[in-house]
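Structure, as structure tokens:
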Amino acid sequence: MNWWLAAACALVAGGLGPCLWGAARGTAGRRVVAQNMATLLLCLVFLLLAQGYGRPSYVDLALVVAVLGPAGTLVFTRLLGDEMEARPPGARLLTPAVLVGAPATVVPMCVATGPGRASVKLVFTGVLLIAGGAVTSRAVRRG
Amino acid sequence: MTRRARLWVLAAGLLAVAALYAAACTQLPGFGGSWHPYGDRAVRAALQQRTANAVSSVNFDLRGFDTLGEESVLFASVLGTVVLLRRTRDEKRVPPEPVRVPAPLRRYGRLMLPVTLLIGLYVIAHGQLSPGGGFQGGVVAATSLHLLYIAVDYPALERFRPLGLYELADGAGEAAYVLLGAAGLIAGSAYLANVLPPGTFNTLSSGGTVPLLNAAVGIEVTSAVVVLLAHFLAQALEIEGEREEGRST
Amino acid sequence: MSLLPYLIAGWIFLAGIHGMATSRNLIHAVGCLAVTQSSTYVLLLSVGYRKGATAPVFADAPTSATVVDPVVQALALTDVVVGATVTALLLALVVQTAKRHGTVDPDELSGLKG
Amino acid sequence: MDDAVVVAALVLVAAAATAAVLQRDPARQAIVLSLLGLSLAALFTVLQAPDVGLAQLAVGSAVTPLMILLTVRKVRQRKGRPK
């Protein structure tokens, strides 16, 4: 039994599933919030999978989603801006989710991998994720 | 045909496909089975060519000609899009109204552009070693430029993106792939044969022609996506047509 | 379990076809085509999967590791990116259709011809 | 454990594909399509195809939604003009 994979599985079923539900119904603002949450959670899923399968090279996926995920959300806030309401439901959850989720995933992984290039990459991914999460959650609320 | 009749035809077709497909599935080798004759041979060949990423080896070495086909589809569809979305005589270019973007978002966009571009280049450059390559990295690199549009504003993107250069690079990437293939013929082997020395396993210069073809694809995909998005952006934001009076309506 | 991924690929395919056939907006139809396309990736990668194996990338794995099939991955990989450019071509056609006919509803478009 | 992750990702992809087809408004469909792309990337990674996952991620997260939304804007712009 691999706890990393169990956590990834729980995040896919319990995190991405509800995000899909949120993105498929409701107002435009709520959908974009769900999409943003999904990119943040997916980054964590990739990190957990990399650790669970023991393949540090899978961290590249987390790195890419940490920069492209916010870019995708900003596309929606930019082009759907006039359809989105000012304070969509769930937007308040975004910042706490990323501020808790990113360190809660990255720190144990760094401890497990030990110091070196791999953990620098993990921390870098975590920082990009937090920066992206902070900026997109502001953009979504202004929307 | 009425809409109702069409739906019945559709339902019949879908049911027939579903039945045939389900029957075919029972004859497929079971999911997760251990019988992969092609995969085993491809992995052996990739290791022989000292390419750590067997997928890149299949794409740019073992099945390099197939990738040339894919490249050409990509090139042709970009060409088609450019032709379809060009500005016609009865349309005029109107500069879009400036959009106010909050300052933190602007800072994020300016900061993340080089970071995303670097990640894209990293993904292209390590294509023969770790997951990634020209196709994936090219799209990431092209997206990085468009952070200027989505986080800063459209004129900033236009200043930063000499479109003619990207159109040229798109063709150059395709040409580089074709010419690198011809290098195999000159060396007295087959078209797109891997004629360069394979190098040391798991280093940037390993894999013979794989990193070069990978770079050619990277250039082509980057410029292709930039060119595509440029035409969509111009159509959606700048180009306004006169109403075509009585034409084909 | 040994059939589930294939059946899900089939489901995605049928759902996409259904969406395209019943679509009232060409942009929506192009989106449904993208869904249909993704079923082929699911099918290809499911065929290539091997239980307990790892990715055919040896940068951080021993060369003796059991790996999944790289051939189907190479097929799916190029198709993902090329598929996106083909989606762009179709969207460009939609823009042209909207310019020429002032509508993107396929039913209204077929009425125009007659 | 491997199986559980694979099944979870497969079910998520099937649900996302169904939801994407059922969205009739193209702009809202683009949001669900972006989620479908993300779920596909997760599925490909658990099927041990990180290369394909990376491609799906690169294409599906920003480029495809951007193209769809720009097309929607262009088409609406034409429809919205007074006759």
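For reference, chains read A, B, C and D in written order, and residue numbers begin at 1 within each chain.
The rule is simple: a contact is a pair of C-beta atoms (placed from the backbone, for glycine too) under 8 Å apart; a residue touches a chain by one contact, two chains touch by 3 or more.
The structure displayed is predicted, hence computed values, not measured ones.
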By C-beta contact count, A-B versus A-D, the higher one is A-D
Rounded to the nearest Å, the gap separating the Cα centres of subunit B and subunit D is 17
Taking each chain's mean CA coordinate, subunit A and subunit B are separated, in whole Å, by 25
Subunit A residues touching 2+ other chains are 53, 55, 57-58, 60-61, 64, 68, 71, 75
Residue numbers in subunit B touching two or more further chains are 53, 55, 123, 130-133, 135-136, 139-140, 143, 146, 150, 225, 228, 232, 235, 241
So subunit D residues touching two or more other chains come to 2, 22-23, 30, 48-51, 53-55, 57-59, 62-63, 66-67, 70-74, 78
Contact graph of the chains (line, ring, star, complete, other): complete
Residue set of subunit B touching subunit C in the complex reads 3, 6-7, 10, 14, 17-18, 21-22, 25-26, 28-34, 36, 38-39, 42-43, 46-47, 52-55, 57-59, 63, 66-67, 70, 73-74, 77-78, 80-81, 84-85, 126, 129-131, 133, 135-136, 138-139, 201-202, 221, 224-225, 228, 231-232, 235, 241, 244, 247-249
Within the complex, subunit A is touched by subunit D residues 1-2, 4-5, 8-9, 12, 15-16, 19, 22-23, 27-28, 30-32, 34-35, 38-39, 41-42, 45-46, 48, 50, 53-54, 57-58, 61-62, 65-66, 69-70, 72-73
Subunit A contacts subunit D in the complex at 1-2, 5-6, 8-9, 12-13, 16-17, 19-20, 23-24, 28, 31-32, 34-35, 38-39, 42, 45-46, 49, 53, 55, 57-58, 60-61, 64-65, 68-69, 71-72, 75-76, 79-80, 83
In the complex, subunit C touches subunit D at residues 1, 4-5, 8, 11-12, 15-16, 18-19, 24-25, 27-28, 30-32, 34-35, 38-39, 41-42, 45-46, 48-49, 51-55, 57, 67-68, 73, 76-77, 80-81, 83-84, 87-88, 91, 94-95, 98-99, 102-104
Listed in rising order, subunit A residues that touch subunit B in their complex are 57-58, 60-61, 63-64, 67-68, 70-71, 74-75, 78, 128, 131-132, 135, 138-139, 142
